[in-house]
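Please find the structures below.
Shared between the two complexes below is subunit A, which pairs with subunit B and subunit C, respectively.
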Partner chain A sequence: MATLELSMQDEVSAPVRRKRKLGLLFWIASLWLAVILTLAILAPLLPLQNPVDMDMLERRAAFSSDHWLGTDGLGRDELARLIFGARVSLTVGLIAPMIGLGIGGALGLLAGYFRGRFETLMVGSMDVLLAFPPLVFALAVTAYLGQSIPYLTVILGVLGIPAFMRVSRAATLSLARREFVIAAEALGASHARILLRELLPNVILPLLAFFLLGVAVTIVVEGALSFLGLGVPPPMASWGSMIGEGRDSLDVAPRLAFLPAAGLFLTVLAFNLVGDTMRALTDPRQGAL
Partner chain B sequence: MSTPLLTIEDVAVELPTPRGNLRAVDHVDLSLEAGRTLGIVGESGCGKTMLSRAILQLLPKKAKLSGRVMFDGQDLVRLAPESLRRLRARDLAVVFQDPMTSLNPVLTIGTQLMETIQEHLELDAPAARKRSIELLAAVGIPAPEQRLAQYPHQCSGGMRQRIAIAIALSCEPKLLIADEPTTALDVTIQAQILDLLAREQRRRHMAMIIITHDLGVVAGRADEVAVMYAGRVVERAPTQALFRRMHMPYTEALLAAIPKLETAPHTPLPAISGRPPDPTRPLKGCSFAPRCRYAAGRCHEAKPDLKAAESPEHLYACFHPIQMAEGVGA
Partner chain C sequence: MVAFVARRFLYVVPVLLAVSLLTFLIASLLPGDLAYVILGDQATPEKVAALRHDMGLDQPLWWRYLSWLGHVLQGDLGRSFRTGQTVLQAVSERIPVSLELMLMAEFIGLLIGVPVAIACAARAGGAFDRFMTGSAFAMLSMPSFLVAILLIYLFAVELRWLPATGYVPFTEEPLANLRFFVLPALTLALAEWPGIMRVLRSDMIATLQEDYIALAKAKGLKPSRILFVHALKPSSLTLVTVTGINIGRLLGGTLIVESIFALPGIGRLLVGAIYTRDLVILQGVVLLVACGFVIVNFIVDMLYAVLDPRIRHGHA
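Moving on, here comes the complex of A and B:
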């Protein structure tokens, strides 16, 4: 680099790298996510107690060296359940928005670019899906297919499609007749090329920001569904189902509801913080443009 | 005279609007040979841009196009989409008015240039990179290697327009359409960009259409000028002939409306009074008649056709052409 700068006679400066001040909050949030993710991934390898082993003699035991975070209403180790619960919550919370992002994003891009009858059909069918009460949909599907994590993920993913489709279509609409798209067309770019190389890199930015929001919302919704008994099948733990079970003993052992709730809250908050910072960093557009 | 590269015959464009059909381009005939420059001049909304989009077949989907656009022996209007795409890739390119929006904001300059080059010239990445650097140097960008890693917002307007030109030139087009290429730039940069276009045009022997509202832009650079008003070509002539002796009152009014350096400060600019006619309600007579100083009875009754002046290349559409003793200095 030094030789390059010496050889440059004119005053053109090298591309200026923006100062990357991330702030303490960002680091705390990333650290939290890293810890949670590592624990969730390594859960079966960690020296944890079995999260479904009941010990009826030690119901709602307090914190101890045996049970670091105590036991729940059925005498199961709270720490192990929290960590195994994180596996479920994070799997559902990450994969379901990916389904929405993939399908909804692609449909929105196509609808916004090609317009016409396809767009009308898309917007119409998405409105129908949006108007359908999500809980009724989830109930119907779980009643028909049974409770399992893959079904739960697909249901939540499908419910996310309309929102992603709308974000992606709106972003595409505002870009599709911009001059750089017309210029690409004049240079003989095919539809596929314009969609993938000209529009997608622009549309993906709001979609990714929305995706992180989707992760947070999905974790909460999974919690709500599990709380209602529509989520993961017992005795498997998820943060939502743990809050639901903790409700029975709010007066004697409030920590049983508050510990998973705190985990949920902190993780969702961390996703939002990290997402915001990442978006601000990676968006190459200047201001609003 | 060789056969023209581009011939536009009787092209008309109609856009459906809630207030009725808008005739954006009204039966225009033009032709352009390889290596020559055609200037299309007219005020905002006169159909210049629609005409250029009609040539490129990039009109909005709802627009109705009639007539023929013969390019290199093929009628672009009737070409199948895939052949049209290949032809655009090989032979056509366009530079737009606003360099802020004509570059993709989220891709680096290098990505945009190299992808176009790789697509058109079938080069591998290192060769495309080398070619991009050469192109950027050719359009007068200092330190092109560093520029490749930058995003459009990190460059100034003039710089961006140069990059847009580099991208347009990357596929070695036979015809370059420059749609108001300098309107968004300041005057010193304008001259540089126009000189750059002219230089690259000579080097590549490509045909060029410069669309502008500024007669001064085409004066020194176009071989031929077509003046458009309300969707029609109202005067068309080799540049020198036009500036030596213009026949159409509208051309004269356009020229008079260019601010001149030698006039005293606070002199009112001789603007053309009134507004262009509503394109959804065509007039019976000459479209310019309501604003024309010379308009007389017949002008409001019938549309004048293009007819030849003293030379067959100089066409104008006017019943009462200006009788000028001598030319206006260009």
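Moving on, here comes the complex of A and C:
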């Protein structure tokens, strides 16, 4: 009998265990992100050359002990530009979604809890913001404000608000009628207490998972703007602007476009992988698909 | 149905008004005075003041918005002070290029996405399914400007099969026109198909678990018939939605792809207006693109209601 019970237990617990397993890809992606983040944070301390120092005699130089990854079209050290580029892309990519997470998350929480006119107004104004294709909006505002990293970050952050609000509102709506919220209300808890102590801890998990996906999207949009020469102001390096500059020498030195392209792709992919795994873990509706 | 259309329409009008207000505010409140842009930095204050007066820039904000909106509603979006072209002229010249690009991209995207989705759903969890799902996930992390660079490198620089940039109107040389569109459309399509494929695949897998599919199997219908007729047809609804949702991304992608491949479409007009600080064109194009986007979404909603009766009766 004991063996039979054991095997039944195994059968029951197996699917749960499979769900909890994160997989090799998840860990590789996390490792990559950790490496890139460390390099980006430590960039000024690393023994790198100045990423904006030009050397007209050493243009598009090949890999060497002086320049590990060669130099770009203006003789600037490619490795230094890649790492300082990562710094810019990650700064914008991480801070902008925080704006979206903070504002959008809070608005969604309030809209989902209080409902009524406030919710209608919020959903309506988000529809207005969503009416602008993100890149068009970002380009238009950049055109007036001028190019600078703080502006770029704020613009991309504002663009993220609707998406975060939707996630947060949807999560709040499904939670607000659950027993623990009704119980708290019955105990006479204030709105603030219910929002902060009951709802927020439950809403924050899906929001954080969504945050990682937001980082991936933001890095892509920042890259696109910088690629067009309308994002990060030159001579500062960002992966997008490096790809844009490398486009002109695709025939003689394709690596100048492909190295930052690889960095951008792998980082975006890693954020998507980690974010998607987190989302699957926090989403209770996960079905057979 | 009429009630549903009316209800949605009553929602679209205030959204359009808000869009126009936001477009106007972006242009008016943010720094960067139009008069200075036109006259240059060296202009004397008197000249600037005179031009501001001529253009009505010294009027109160709400008055400027109302008079601007009045002109817009009469189809007058202003005139570029650089080229002298009206916004409507500039836009209508370039719309065919952008439309051709988007239609070709969506067509190629569906051409890749739909068969892959059907093949994946037919053997969900199989080797092909796992490979394509993985590829689609990777492709979603690949911005269109990266795809463009790769395609240019491969087909224009290395193989020299296709031109990297350039454009001739379809009416003049149809074949050359299509040649110029292959790489840009393929770039956008490669960004499009993963979304199409992922949604259609999961939709079809769900459909294939329905009772009526089991009945069809029990009746001894051919698997291909079950797959294409019984399972694909209900998913056509989902395809409409995905296509609608994708239009925003497609528009953004068009912007970049047109700039890279030097196609004279709306995107290039917009980016060009930013480079030359042609604020009238910029404001007009942003307004038109945003309104077009709202209207397209409205049409998608309508299509969706036509296809699915539950929605127009408010049960979904």
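Everything below uses one rule, namely that the second predicted complex is superposed on the first by the 244 of 289 C-alpha atoms of A that agree within 3 Å, B and C clash if a C-alpha of one lies under 4 Å from a C-alpha of the other, contacts with A are read in each partner's own complex, and residues count from 1 in each chain.
Following the convention adopted for this analysis, a contact is a pair of C-beta atoms (placed from the backbone, for glycine too) under 8 Å apart; a residue touches a chain by one contact, two chains touch by 3 or more.
Computed from a predicted structure; not experimentally measured.
Visitor: After the superposition on A, what does A:Pro133 contact: first (subunit B), second (subunit C), both or neither?
Guide: It touches subunit C, and subunit B stays clear.
Visitor: With the two complexes superposed on chain A, say which partner A:Arg197 touches: subunit B (first), subunit C (second), both, or neither.
Guide: First partner only, subunit B.
Visitor: Per the contact definition in the header, classify A:Leu187: touching subunit B only (first), subunit C only (second), both, or neither.
Guide: It touches subunit B, and subunit C stays clear.
Visitor: So in the superposed three-chain picture, is A:Phe265 touching just subunit B, just subunit C, both, or none of them (first/second/both/neither)?
Guide: Second partner only.
Visitor: Per the contact definition in the header, classify A:Gly223: touching subunit B only (first), subunit C only (second), both, or neither.
Guide: Only subunit C is touched by A:Gly223; subunit B is not.
Visitor: Who touches more of subunit A, subunit B or subunit C?
Guide: C
Visitor: So, A:Ile28: does it touch subunit B (first), subunit C (second), both, or neither?
Guide: A:Ile28 sits against neither subunit B nor subunit C.
Visitor: Output check: A:Ala62 vs subunit B and subunit C. Expected answer is one of first, second, both, neither. What do you get?
Guide: A:Ala62 sits against neither subunit B nor subunit C.
Visitor: So which bits of subunit A does subunit B touch that subunit C touches too?
Guide: Common to the two interfaces on subunit A: residues 289.
Visitor: In the complex of these two chains, what residues of subunit C are touching subunit A?
Guide: On the subunit C side, the touching residues are 14-15, 18-19, 22-23, 26-27, 30-32, 137-138, 140-146, 149-150, 152-153, 157, 202, 205-206, 248-249, 251-252, 255-256, 259-260, 270-271, 273-274, 277, 279, 282, 286, 289-291, 293-294.
Visitor: Quick check: in the complex, which residue numbers of subunit A touch subunit B?
Guide: Within the complex, subunit A contacts subunit B at residues 8, 10, 12, 14-16, 115-116, 178-180, 182-183, 185-190, 193, 197-198, 201-202, 205, 283-286, 289.
Visitor: Write out the stretch or stretches of subunit A touching subunit C in their complex.
Guide: Touch residues, subunit A against subunit C: 124-125, 127-137, 139-146, 216, 220, 223-224, 227-228, 230, 240, 243-244, 246-247, 250-251, 254, 257-258, 261, 264-265, 268-269, 272-273, 276, 288-289.
Visitor: If we count contacts the way the header does, which residues on subunit B are in touch with subunit A in the complex?
Guide: Contact set of subunit B toward subunit A: 56, 58, 61, 85-90, 92-98, 100-108, 115-116, 119-120, 142-143, 146, 149-151, 153-154, 164, 167-168, 171, 177.
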